[in-house]
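What follows is a set of structures for review.
In the two complexes that follow, chain A is the common piece, with chain B as its partner first and chain C second.
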Partner chain A sequence: MSIITTNNNGIVKSQTITGNTTILELTGEIEMNCVMQLREAVMEAMQESKIVVLNMTEVKFMDSSGLATMVETLQQSKRQDKQLKIAGLNQRVKSIFEISRLETVFDIYDTEKEALA
Partner chain B sequence: MINTSETTGPLIRICGLAKTFGCQTVLDGVNLDVNQGEIMVIMGGSGCGKSTLLRHLIGSMLPDQGHVELFGKRTCDLNKKQLTETKKKFGILFQSGALINSLTVGNNVALPLREHTALDESTISIIVKIKLELVGLREHADKLPAQISGGMKKRAGLARAIALDPQILFYDEPSAGLDPVTSAQIDQLIIDLTRKLHVTSVVVTHEMDSAFTIADRICMLDKGKVLKIGTRREFEDLRDSDINNVTNETELLIRQFLRGDADGPITQRIVNSDYEEDLLAVNEDSKLCWCK
Partner chain C sequence: MATILETKEWIMTAATTRHTHIKLKICAFLEYLSLVRHSVRTVADNIGMNIEQAEAVTLAVQEALTNVIKHSYGGPCNEKIIIRISELQGPKFPNGAMEISIRDYGKAVDPEKIIGRNLDDIKPGGLGVHIIKSIMDQSNYFKMADKGMELTMIKIVNKDTSVKASCPH
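Our next item is the complex of A and B:
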């Protein structure tokens, strides 16, 4: 059974909780003005679930503050013995991870389905 | 990490820029467009006006005539607040790196983030690590500028220049004074930042190897005027052309500069200068000029 919460405002489009996994569907541009919201959403999801999947298919762009916030949430996941997975990066956002040499630091999957497998 | 989705047309437009210091015309009606995502190399001999042009681009100098447009807006029409906002969208790598000597490398990179954002220290600390890793200096974050080499200072300066994810990066002689390997590393960084992060780069240099490695287009300045704007390929073709096939005086001059030949129109110009008149003070204007 899944609990789905949709949100038309902000960076989190929807949240789906299934078993020990929470999927956060992110949207738009992850920039300085929304990184707090991203951090809170991921931290909250980690309270709920052992595995958190960030579906970033609809994320068009991410700046350095967004990337740094992702690293902070990854740090938290390690401390709390949780799993943070990223799925559906477009080429542009993927490049940001690559040039920062973070593509191997995060668990990155092409699709949400692969992240859940 | 650059958001360029809103911008259309040239990111930088230089229109009829002119600047005179005393009796010396340093810029003489310069026109140049720089497109989004390209690396434009501005080259020319010492004193040709390229550094003065760069100072106009970054807003540290005002023109006598003409104007600069950044992101579609004339910089001279911007109020102080708008100018500050515009300046946050571009980064500058100064020739010396321009680091603050009393701050560690890490704190130098953190400085613009602390000054211009409300980010937490923990987030700033991660951004600093990411930027320093980009330029290969993460393990030197705690060192003072005096404890690192010239090439490392330049890379640290670059890390600071990209701290705020600028859309435009201005480089003032990025390879000057560096050994060949460090110079090649800086060139590769410029290319990576431009291609992967969609930064638009303006590079002032007279290092030919570097220019031909990084440039998408080249603007050649001489005596404050634009001699030629063209693709890297066009400049390469001119450099490698048979001298007997080049009849145009301007192209002969550019060819000599690109090849670094000792003989040619540039050298001839020096031979034909008014040395004798100046030495013997025949021309009163020249005497008056530097006495002002």
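Our next item is the complex of A and C:
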């Protein structure tokens, strides 16, 4: 059974909780003015679930503020023995991981389905 | 209240060449960064950058502006930032190039102290300068005589790849 929450405002478009997994579907542009919202959403999801998947298919742009928040939440997930997975990065967003040499630090999957497999 | 103070664009058209120069004057609020990104992307498209280059330059400018707001001004505020985006031509740039300068009037620091951090140390933050230097062909910080800093960045158009930028965001 899944619990799906949709949100028409902000960068979290929907949250789906299934078993021990929460999928956060992100959307829009992740930059400094919305990183607090991202951090809160991921931290909250990690309290709910063992595995958190960030579906970033609809994220059009992310800067280093967003990336810093990703690193922070990844470190938090490790401290809490949780898994943070990222799925659906387009090349534009993926490039910031590559420039910062962080693409191997995260669990990155091409699709949400692959992240859940 | 935040306002866009000035937006100007003028295109000088000669018989065979077009030179684009855009000057934007914005208040130091995050809400205006997408406007600058769009302008950068438009110029990148117009001078023939491929998608990868255009997106990278847009990211570098975003990082530079975020750094100004965070570090020079200590957070969003009503102070001004002036952005100039220019197309460069000439023997040094056979395929063309784009120059972007970002002028702020905030806290100035020694340009030699503006360096990217060690990427082997996995931690949040401090990546902006590294990203700028990785993407741009030239980037130089200047401490201005009166107040603030200016960052000038140049990206040379790379015609090696065939995919051309087409979709500004």
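The definition used in the following text is that the second predicted complex is superposed on the first by the 117 of 117 C-alpha atoms of A that agree within 3 Å, B and C clash if a C-alpha of one lies under 4 Å from a C-alpha of the other, contacts with A are read in each partner's own complex, and residues count from 1 in each chain.
Methods note: a contact is a pair of C-beta atoms (placed from the backbone, for glycine too) under 8 Å apart; a residue touches a chain by one contact, two chains touch by 3 or more.
Computed from a predicted model, the values in this text were never measured in an experiment.
Enquirer: So if we stack both complexes on chain A, do chain B and chain C clash, or do they fit?
Expert: Here the two partners, once superposed via chain A, clash with each other.
Enquirer: Pick one for A:R101: touches chain B only (first), chain C only (second), both, or neither.
Expert: both
Enquirer: Applying the stated clash rule to the superposed structures, which of 44-52, 224-232 or 242-250 from chain B runs into chain C?
Expert: The stretch that clashes with chain C is 224-232.
Enquirer: Which residues form the common part of the chain A surface touched by chain B and by chain C?
Expert: Correct list for chain A: 29, 31-32, 60-61, 63-65, 67-69, 71-72, 92, 95-96, 99-102.
Enquirer: List the residues on chain A that touch chain C in their complex, please.
Expert: Those residues of chain A that touch chain C are 29, 31-33, 60-61, 63-65, 67-69, 71-72, 75, 91-92, 95-96, 99-102, 105.
Enquirer: What does chain C use to touch chain A in their complex?
Expert: Touching chain A from chain C are residues 30-31, 33-34, 37, 52, 55-56, 59, 62-63, 66, 69-70, 119, 122-125, 127-128, 130-131, 134-135, 169.
Enquirer: Going by the contact rule at the top, pick out the chain B residues touching chain A in the complex.
Expert: 1-3, 5, 117, 119, 122-124, 126-127, 130-131, 133-134, 163-165, 192-193, 196-198
Enquirer: Can you list the residues on chain A that touch chain B in the complex?
Expert: For this pair, the touching residues of chain A are 29, 31-32, 35, 60-65, 67-69, 71-72, 92, 95-96, 98-102.
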